Structure formats: structure tokens, C-alpha cells
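Below you will find the structure I want to go over with you.
By written order: A, B, C and D. Residues from 1 in each chain.
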Amino acid sequence: MDPLFFLLFAFITVACGVNVVLQKHPISSALSLVAVMASLAVLYLLLGAEFLAMAQMIVYAGAIMVLFVFVIMLLNAGTEATRGRSWTATIFGIPAILILIGALAYFMQTGMPQLGSVKFGDFRGGGAYQVGYALFTEYLLPFEVTSVLILIAIVGAIVLARKELD
Amino acid sequence: MNLLDLVILIPAIGFLAALFIPRANEQFIRLFTLGVSLLTFVASLGLATGFDKNAAGQQFVTNFVWIQNPEIHYHVGIDGLSLWMVLLATFLTPIAILISWTSIEDRVKEFFALLLLLEFGLVGVFSAWDLFLFYVFWEIVLVPMYFLIGIWGHDRRIYAAVKFFLYTMAGSVLMLAAIIFLYTQAGTFDYVTVLDQLQSGRIALSHLQETLLFLAFFLAFAIKVPLFPLHTWLPDAHVEAPTAGSVMLASVMLKMGTYGLVRFCLPMFPVAARENSGWIVTLAIIGIIYGALVAMVQPNMKKLVAYSSVSHLGFVVLGVFSFTQVGLDGAVYQMLNHGISTGALFVIVGFLYGRKHSLLIADFGGVATAAPWLSIMFMITTFASIGLPTLNNFVGEFLILQGAAIRNFTWAAFASLGVILSACYMLWMYQRVFFGRAAGEPEPADDHGHGAHNDHAPVHTHAVHGGHDSHGHGMPDLSLREWACVLPLVMMMVWMGMYSQTFLPAVSAQDARILTTIEKGPQASNVNITPVSGGSAHAR
Amino acid sequence: MDPAQIAGILKQGAVPTSWYLALSAVLFVIGVAGFVLRRNIITVFMCIELMLNAVNLSFIAFAHEHKQVSGHLFAFFVMVVAAAEAAVGLAIILTVFRNRSTLNIDEIDSLKN
Amino acid sequence: MFKLWLIPLLPFLGFLINGIFGRKLPKLVINAVAIGSVVASFLWVALVVGPSTDWGEHKVQAHYFTWIQSGNFNVGWDFAVDKLTMIMLMIVTGIGSLIHIYATSYMDHEGGYYRFFAYLNLFMFFMLNLVLAANYLILFVGWEGVGLCSYLLIGFYFHKKSATNAGNKAFIVNRVGDFGFALAMFLVFINFGTLNFNGVFAAAPGKPVETLTAIALLMLVGAAGKSAQIPLYVWLPDAMEGPTPVSALIHAATMVTAGVYMCSRSSVIFLHAPAAMQVVALIGLATAVFAATIGITQYDIKKVFAYSTVSQLGYMFLGVGVGAFSAGIWHLMTHAFFKALLFLGAGSVIHACHGEQDMRQMGGLRKYAPWTCLVLACGSLAIAGFPGTSGFFSKDAILTAAYAHAPWMFWVGVVTAGMTAFYVWRAFWMTFWGDYRGHGKPHESSWVMLAPLMVLAVLSLAGGFLFNVPEMLKDMFPEHGEVPEEHMLMAISVAAGLIGIALSWYMYVVNTELSGKIANALGGVYRLVNDKYRVDEAYDAAIVEPIIHGSSAVLWKTIDQGVIDGAVNGIGARAQNVGGLLRRIQSGNIRSYATWVLAGSVVVIILMGIAGGVR
């Protein structure tokens, strides 16, 4: 059963991912991205990361993507202009991407050590309890630092986005 | 947490705190930064009083591992060499803040905060005893200065700032490479350990390695000094920098180079230092004379002072590479002297700029009539810079030249020419700026002919009219705030000139130690060098 | 990997971890391609999110492989950073749009000179 | 005990009070402070230090604090008084007091009154420091300090470009001398390990002659700068831009004699370096003749006396050079009397003529200013070496010693003495005889000015036998041999002086046309001398101009901005050419940046893959 789930959602992920890139209108890209997030959440679940799967749905697909859609609406962004000047990106970018694909494939094929396999239910360490426990014991300092980071981000976002008062 | 840590930390905390002050409260920002810098200064005075002046070696040490792997220590401490450098930095920062009080009008908050950051970096540079920490502070200093020049400078500020940045970076990259190489050999960045290993021969450097390492460090420091012919960033940076930037740059930042030479180049690579001293001293002497000659023909006051710095710092390098106690003491003392007197020169040039918005000598004239006290203060500073006995520079220059003479009399003879030339350019500038009549005022027919000089010409001179007569417009005398900037500097000039014993013993003790480490250097016996035991050989 | 192996896997009912990694790589490359080739700044930004997600997937796959929760935590922090980044990034985009009235990345070139 | 520090410190306090508060003080207080401080230190010297010291071998030493200490280099703020110092102290404070008194009247109507006296007091401080010093470095402090004051006072009328130029010239030329002096000190320290007079002079006889010669010659450079000897005399005539009391005090009586004092102080070194002595004598003699010839042709009354000062200083050096140190000091003292008198008298004349300094605009002043005339006559007699006057004794002592050293020097000296008498009396006749040629009505000066003149006149006449300096100093300096023909020599030099006076009387009183005719007859030579041999112009063309133009055109514009900056910028430009591609990268286009990031990471990934990945 597992491989089927994996293949199904992997397919959805890749297809929607490609769609993100191919869509001309940002709102379509955004909706495709939501689909990518959602299917990734399922894959997380398959890997035993229950907490993260939920977080992925709520934080990513929910909060962040809503923010994206919000901004797109706010700016009333239209379809992308085809006008562009960067030949570098096209000339060097596409070959580079192809090389990247090739290199990744080659090294994963040859250099990857023997790995195990995933079966749903093998690993039960990804629940809210375990994650929360690790988070508030071993990773307490990074966690707190993160909270500061988010605070700064909030302040920064407000400062940047607010209209000049004068 | 000892006093030195406080001196390092107060400006850093002040810098961060200043960033949180709303930018509208400009006056509060000024007062706050002034308060912080004064607090730092008071704390650093504690260093001076608590310092055991007769003992060599570090005091006020804090040493703990900052980063485990690679092993980098937070190792700070001061010895006789760095004590006065730290004090110089903390002494001049409040003055730099005061002189910018009204002249900086936009981005007030950033400006004053950056000055605190600069102070933090400078104090750090002078007290770091870990090579990596030193490098970090060294680069921290660069950042605020780049912005000070680049944002608040004059017309060609971007060019000057980039030139300054690139020059310095070019040098410091080499230094970083050398530091990392030393790390691979010693396994630590801690300077004391590295030095100990070098001296005990546990790190055996080949001759080529030592020379290359020496050159890498030397180049970084020489650019900062700046040694001829690496000096061309300095005039541009000075001319374009705001007054406070010039003051800090000339007075303290240039000393980072000479300090580095004494602190790192000599003790770590004694053999290479001695082998290379010939051409280094030659460059230093060329710099002395060259800087003075070029200063003589500058139309711009700040450029003139900048080139004079090239000349004066040539003296310092000469003293350092004389390898005599007298010369080295003089060199270190001269660093302080130059900091005080050139700082004061820039401060007063800044006042003049504030009054007339020009730096060109030709735009001035007759200032002495309108602003007598300003002129007197500048005159004292001028004479300090020329090296008049009883004022500070004399002590340093004399010791340096004496040291150089002990090593090689020809050096001293050539370098002394710089003393003559310094009188030329400074007095010439003084004459054109302060004497005569204000620019634009008609020069009365001055009959130069035979004996028509008139003792009793109606000389409506001097102070009597104060700043209220016709040529006094726009040239008020010193204000209370300006007095507060200048007077401490002038008093220091007299103090350091008359009673050098306050400062020299601590320096001497440390220099003696550096010199003995040089002489005891592990490979010293392999190389045949002229004796450098100072004047003692002849004196007894 | 021949069909026989795939059939074996399907029969066994367990997915090799390397498949997840391959998926992650594919997703990452897609993100890269979008990042380089798209001109709309918002789309570019979304492609960055895509790359982050791809990386998260590898983290979680390795966490499963090593049966350790640390990988999850890394992914968690990545999410947090992504959230912060989105907030600030979108604010920047707003400001840029307000100042230059364009979302075309090629027209935002004040870094030049 | 003797509180030697009090001597310089009193004038220094005067300087501080007048300098800081002077602008708000009434003139009376300024006068009281300025004169009081100098007179007080004069009294301290004359009444306390002088009488209470047993002047055998005794020497008063005082150490106040360590000034500079580094390694074995140790210099303290030390004062010492011996007989030589005592004589100098008396001259400096005594004449200083008189000139201060004179100046209160002379400067009465000038702006910057307080400033003037502050500077004068500061000068006294440094000068006293110079003579009291017990080591070379403290002497150097005074040496440079008096140079500073000289600079300030020459440029006192700082509105006048010529005045400030003269001040700069004085300071810079002196710096050239100080350069030599400083090098001499370096050599002294290297060879003796100390700069204290006691230590140096005790060890000097044992040192190699070459070393001592080098030291002595370098000291001579310093002395030539301060005491206006060839080739560094050029600043002194220009220094007459300063107010006349300054010319009298600094540029005639005290500061310019510091070089002579220094050489005499270092007599031990000089005596053991005969070659250097010879050079000193030659330079002194050359300066004496050279300046005297210029003096003959000048019309500015102060310039005449200035060249006369240079010439007389040459005499003193001649004395030092031939080994007659005490004669040199004697002449130093008598010169201080009569030259101060001449300058102050000249000031009085200038005052009388409403600021006129050109003698061609004077004449007949003896009717208007009889007292000035009288005292100037005393001074002129003294400088001409009229028998019995102070100048007679000291000049004769020098000439006799010169004869003992080398007879030709004596003859040159005698000719110079004749010339001296000629030009000084020429000035006298032109000023006081004939008819008044200027404008306005001349007037006699006030008694405040005349009183010091009279004191000086008495000293000029009687100073020679009142103070027999060689007698006082006989145990400080070695005796020089008696000359059998002494009376004969005396007669010759007196005759030379009298001939000079007579000739000037004939040319400027009896037959006033003659001088013009002679001048015309000499033509180019006369103009050359009148233009002071165009030495200033030669220096300008040979030294100043090349340095300034060279610095500007070659060093600054070519090397600094061309070669060095050019090289730096050139590296930049080359990098740009080579990296045309790199420049393209900096297109400002975000996507192309992204592409480069991508390309870079691909390279890194491939490299890491080849290397086997990170484990």
C-alpha cells in the first residue's frame, strides 16, 4: 500500500511543482503550490512525521500561502510580462539546471550509501510529544532564538510595509 | 569581568542601545553617545591608575575559549604598549562626538552610533591577544569608518571610501592568510601560545616561511600606517571624511598599523624583521621627506595635514625598526603624540570648515584678527606638530631620531630633514590661514622697498576688536563646546611634552621586553646582524 | 532500477528512502528552475518556498532513516525561518512595488552601477 | 637653596598672566606684571644667586624632575650656574629689564600691547632656560623656545605679509641650524652616553679627535643658524620686521648670541677638535667681513645695525675659533650693551621721525632729539672701538688672540673694524647731522625711553673695564699665549676705527657728494653689495623654488597622483579589461545573479561529488 501512496503523492507533488513554475499568473502558481504543500504533508505523514505534517498544513499551506495569495490580490498582479533583459539567465541558467539534474542523478545513483526503506508505522518518534520534548529540552536555546527571529521579522515587516507617515 | 572588559563592552552596549533611540530625539542621541563615551573614558582612566607601570606583560586579562573548534579565545589584556593606545581611543571618542555636535545634521543617530562602534573596535584591536579576535576587531573598525566617510563625507566621498576600503582590505586579507597559516602550525589562534611556540622553536618556520609571514603581516600594517608608497588612500580619505572621521582616522586608526608592527611583526618574526629592516627604514625615511615635501605644496588644509601624517608616521616606523630601546620607546610615544596633535589639527581645521565651508588655504586669511583664541590654540598645535620642545611631539621625535642615530647615523641625518620641512609646511599654512588679512579684503599698498617698513603703521590689529569688526563676519571665536574639544588636547600636548614620565615608564618596560624577545629569538644566532643592543654599547 | 525491482518493492510494501530523496531532488530542481527562469517576483519567491520544502523532505526522510527526531526539528526550524522570510520578503515586495510599480524582476536593477 | 627655578619661572608667570588675561587688564597692570617679573628675576640673580655663591670651582647644580627617560637615555630638567652662566644671566635679565621698560613707552600706541609683553616674557623664560641648562637637551629647549618667540615677535604685525614672511624665514633657517645641533646631540649621546655637561666634558678629552670634530662641526651648524653666521645669516636682516625693542633684545643682545654661548659652553669639545676650531674662526671672520660690506651700503637704519650685528657676531666666533673663548664672551657682553643701545636709539630715532626708517629721510636730528643723539654717539663710539669704551677692550682681546693664532686673521679683522666704524658712523652722521630731509616735525622721545638708553650708554662706555670678563672666567677657559706686540696691535685696531670714523665724517658731513660718486664709479659691484650680494635670491632660486616646484610638479602631481595612484587605478582598470566578463556579471539583474549562484553551487556539488561527498 505504501508505495502506491508514495507514487501517487509524489506524482501530485511533482506535477503541481512543475505547474508552479509554468503558470503565467501568480495566483495559479500559488494555488499549485498549496497543492504541493498538501501532498508533501501526506508524504511527511508516511515518514512518521505526524507533527510536521500538521504543521506543514497549518503553517505552510495555511498561513504562509494565504499571505502569498493576499499579497497577490493586494498588488493585483497580472500575468507575467514576457519582456526581460537577462539573457544570462536563459543562456547559462538552463544548461546549469540540466547539469544540476544530471549531477544529482549521477551522484545519487553512484554515491548514495545503502539506505533502508520506509514503511508506514516504522518510526513513531515524530509525534507532538517527542518533538515537543526535544524542542523544550535539547533545542531550547535555538527555539528561543527563533522566537526572537520571528519578533524581528514581525517588526521588520511592519516597518517595511507601512506607508511613510510624513 | 574586569575593568578592561567594561571598557570594551560599554561602547558596544552603547552602540546597540543607541540604535533603539527614536531618531527624532537627536539631542538625546548626542547626549547619550557623549555620556557613553565619557563613561568609557572614565573607566579607561581606571585602567591607567590601576596599571602597574613597572611591570611588563599583560594586565587586566580576561581569557576564555570563545569558539571551541577552531580554538579561538576571547583573550584581552593590556600591557604598557596597549594601555595608552586604549586611552587614546577612549580619550578622542568623546572629542570626536563633541565636534560633530552641530556639524552633522542628517542621520544623526547612525553617525553617533557608528562612532561608538568605532570606539568599540579600536579598544578591541588594542587589547586583543588572540590573533583571530584581533582580526575581527581590525575589520570591525573598518566598517564604521567606511560609512562615516561614505555617508557623511564631502563631494568625492564614495571614491574615497571605496579606495580606503579596498586598500585596507587588500592588506588585511594577506594578514588573515598569515594568521590562518599560523593556526595550522600552532593549532590555536591564541597569540600568547603562538608566540611562545614560535620563540621556543616548537613551530619551526623555514626562512622563506618566516619572511613571507612577516611580509604578509607587514603589508597589512604598512598600508594602515601608511608607509610610502602605500599612502595614497590617506589624503583622499581625510579630505572627504567628516571632521570626526578624520580625527579618529588620523589619531587612532593609523596607530593600528604601527601598533601591529610592534605587537606582532617584531616579536613573532624577529629574524625577518631584522633582515628586512634596511629597505623598510629606507621607505620610512623616503616617506618622512616625501610626505613633508608634498604637504608643502598642498592647497587644501586637510590634505596638508594628511601628508604631514605620512611624514610623522614615517618617523614612527623608523623608530620601530631601529631596534633600540630609545627608538622603540620614542616610536610608541610618538604614536600617542601624533594622535593628540594631529587630532587637534583636524579638530581645528574642522572648526574653520564649519565657519567658512572651505578647506582651501587660499580662502582664508586674517583669522587671527577675528578669532584670536582659535588662532592661539592652532598655533600651539602647529608648534606641537613641528616638534617644539616642551610640547609632546618633540619627545617622541627626539627619541626616535636618537634611536635611529644609535643604529645608523645616516638614517638619523636624513630623517632629521623631515623636522626642518615640517616647520616649512606648517608655518606656511599657518601664515596663509591666520595671518594677513581676510581673503577678499584689499591688501593695502605694502611698500616693500628700501626701509619703508613702518613700525608705526596704524595697525588696527588683534583681539582688541574681537570678532565684531568688519573682518569678523562668519568667523566667531571658539564657543564653549569648541573649547571643550580643544582644551583637553592642548593640555595633553603640554603635559606629554613636559612630563613624559607619566607615560614612558610603562612603554619602556614593555619595549624592553619586546627587544629582549627579539634578541633571544631562536634563530637569531644564525643570522649575522649588526649588534642592536641600543646605546649601551657606546655608553659604558 | 529495472521493473522487476520496482515490482518487488511494490509487493514488499516498503518504499526505499532513496525514492524520497530523489523526489526531494526533483522538487528542488524544479524550484531552482523557477527561481532562475521566472520573472515575476512573487513566483520567484514561491519557488524559494518550493526549494525549502524539498530540503525539508530530505530532512524528514533522513530522520526516518536514522530513527531520530532531530531531523524533524531541523525541518521545523526551516519552517519557522520560512515563515519569517515570507513575512519580511512579502513586505519588501510590497515596498518595491509601491516604489517602482512593477513586479518584473528584470526591471528592478538598481544594484547596477 | 638658590631656587634657580625661580629665575625663569617669574617671567613665565608674567607670560601666563598677560597672555591669558592681558586683553582685559589695564596697561598699568600689564606693565607691572611684565616689567616686575623680569626685574624680579634680575634682582634674584644679582642679589641672591650672585653674591652668595663662592665662585671658586663652585658650581650650583639643581635637578628638578626627570624629563625624558628611556633605556639608558636619561635627561632631567637640570639647571646649573657657574661663572659663565652668571655672566649670561646678568646680561639677559639686566638688558631684558631695561628693554622691557623702554618698550612700555615705545609700544604705547600699538595694538596687541598685552600680546607683545606676553611674548617678551615668554622669550625671557626660554632664554633663561637656555643659559641655566645643565645638559644639552634643556639647552635645546631654550634654544628652540627663543626661536619660537623670535618667530612670534618678528611676525608681531601679522597683517603685514613681509613681517610674517620674515618670521617664517627666521624659524625655518633656524631649524636648519637646529638640525645640526640635534645631530650633534645624537652623536654626543652615542659617544658619551649622556647629555649632561658635566659628564660630557669630563669624558671629552679621551675621545677620538674625529668624533669630537664631527660633534663640534655639527654644533657649529646649530650655532651658525642661531647666531646668524654664513651661510645661515639671511634671516637676521629680515627679522628687523619686528618691533624695535625686539630687534634690540632678541636680535642683537641676547638670542643671537646663544650660538657663541653654546660654543663657549662646549669649549672642551672644541678645544680637542682643532680642525673644527679653525672652521669656526674662518666662518666667523668671513661673516664679519661679508656683513660689514653689506652694512656700508644700506639705507635702512635698522638694516645697517642688523648687518652690524651679523658682523659683530662673526667677531665673537672669530674669538671662539681662535681659542679666546673668554674674549668672545666679553665681546658678547659689550656687544649686548652697545648694540642694544644702538637699536633702542634707532627706535627712538624712528619714533622721532614718525616711523621713518630710511636714513635718507632723516638728518639733522641732533637739534630735535639731543639726548638720543648723545646716547647714540656713545654707542657708536663703543662699537667703533674708541679707546676706553667697552668695545675697545673686547674687540682688542679678540684681535690679539687672532694675531696669536694667525696674523692674517688679525689684519682682516682690523679692516673689518675699520668698516664697522665707518658704517656705524655713517649712519650716525646721516641721521643727526645735515638738515632734516623727512616730513613732519621730529620730536624727542619720552623719558621712559631715554632712561634705559642712558643706562646702556654708561654701560657701553664703561662696561669694558667695569666687567673684565677674561679675568672672571680665567679658570674656566685655558689661557692663550701673550703676544709681544700687544700694544702695537692695539694701536693698529684703534687707528682703523678712527680712520673709519674720520672717513665717514668726510664722506657724509664734509663732502656729501662723494659717496654717490663712489657708488656710481663702482657701478655693478655697488649694486651687488647693496642688494646684499643677492644671496636671498640665490637661495630662492637654488633651494626654495626647486623644492616647491619639484614637490608640486614631480612628487605630488607625478609620483603621487600619477605613478602610485596610477598604478593602483591601473591595476583596477586592467582587472576591468581582463574581467569584461566579470563586469557583465554585475549587471544589476537579479536573475543573472541567481544564475551565477546556481552555476556556483553546481560546481560545488560536482566537486563534492567527485571528492566523494561529505561524510
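The working rule: a contact is a pair of C-beta atoms (placed from the backbone, for glycine too) under 8 Å apart; a residue touches a chain by one contact, two chains touch by 3 or more.
Fair warning: this is a prediction, and the values are worked out from it, not measured in the lab.
Peer 1: Using C-alpha centroids, which chain lies at the maximum separation from subunit C?
Peer 2: Using the mean of the C-alpha atoms as each chain's centre, the farthest one from subunit C is D.
Peer 1: Between chain pairs C-D and A-D, which one is joined by a greater number of C-beta pairs in contact?
Peer 2: The comparison resolves to A-D.
Peer 1: Using mean CA coordinates as chain centres, what's the subunit C-subunit D distance in Å?
Peer 2: A distance of 85 Å separates the two centres.
Peer 1: How many angstrom lie between the centres of subunit B and subunit C, each centre taken as the mean Cα position?
Peer 2: 52
Peer 1: From the C-alpha centre of subunit A to that of subunit D, how far is it in Å?
Peer 2: 87
Peer 1: Using CA atom averages as chain centres, what separation in Å is found between subunit B and subunit D?
Peer 2: It comes to 34 Å between the two C-alpha centres.
Peer 1: What are the residue numbers in subunit A that touch two or more other chains?
Peer 2: Within subunit A, residues 84-86, 89, 93, 96-97, 100, 104 contact more than one other chain.
Peer 1: Can you tell me which residues of subunit B touch two or more of the remaining chains?
Peer 2: Not one residue in subunit B touches at least two other chains.
Peer 1: Which positions in subunit C touch two or more other chains at once?
Peer 2: 32, 36-37, 39, 106
Peer 1: Dump the list of chain pairs that touch, please.
Peer 2: Chain pairs that touch: A-C, A-D, B-D, C-D.
Peer 1: Can you list the subunit C residues touching subunit A in their complex?
Peer 2: Going by the criterion above, the answer is residues 9-10, 12-23, 25-27, 29-34, 36-40, 42-43, 45-47, 49-50, 53, 56-57, 60-61, 63-65, 67-70, 72-73, 75-77, 79-88, 90-95, 97-98, 103-104, 106.
Peer 1: Looking at the complex, which residues from subunit D come into contact with subunit C?
Peer 2: It is residues 586-591, 593-595, 598 of subunit D that touch subunit C.
Peer 1: Which residues, counting only subunit D, touch subunit A once they are in their complex?
Peer 2: 584-585, 587, 589, 591-592, 594-596, 598-599, 601-602, 605-606, 609, 612-613
Peer 1: If you look only at subunit A, which of its residues touch subunit D in the complex?
Peer 2: Residues 84-86, 88-89, 92-93, 96-97, 99-100, 103-104, 106-107, 111.
Peer 1: Using the touch definition from the top, list the residues of subunit A that touch subunit C in their complex.
Peer 2: 1-4, 6, 10, 13-14, 17-18, 20-21, 23, 26, 29-30, 33, 36-37, 40, 43-44, 46-49, 51-52, 55-56, 59-60, 63-64, 67-68, 71-72, 74-75, 77, 80-86, 89-90, 93-94, 96-97, 100-101, 104-105, 108, 112, 115-119, 122-123, 125-126, 130-131, 134-135, 139, 142, 146, 149-150, 152-154, 156-158, 160-161, 163
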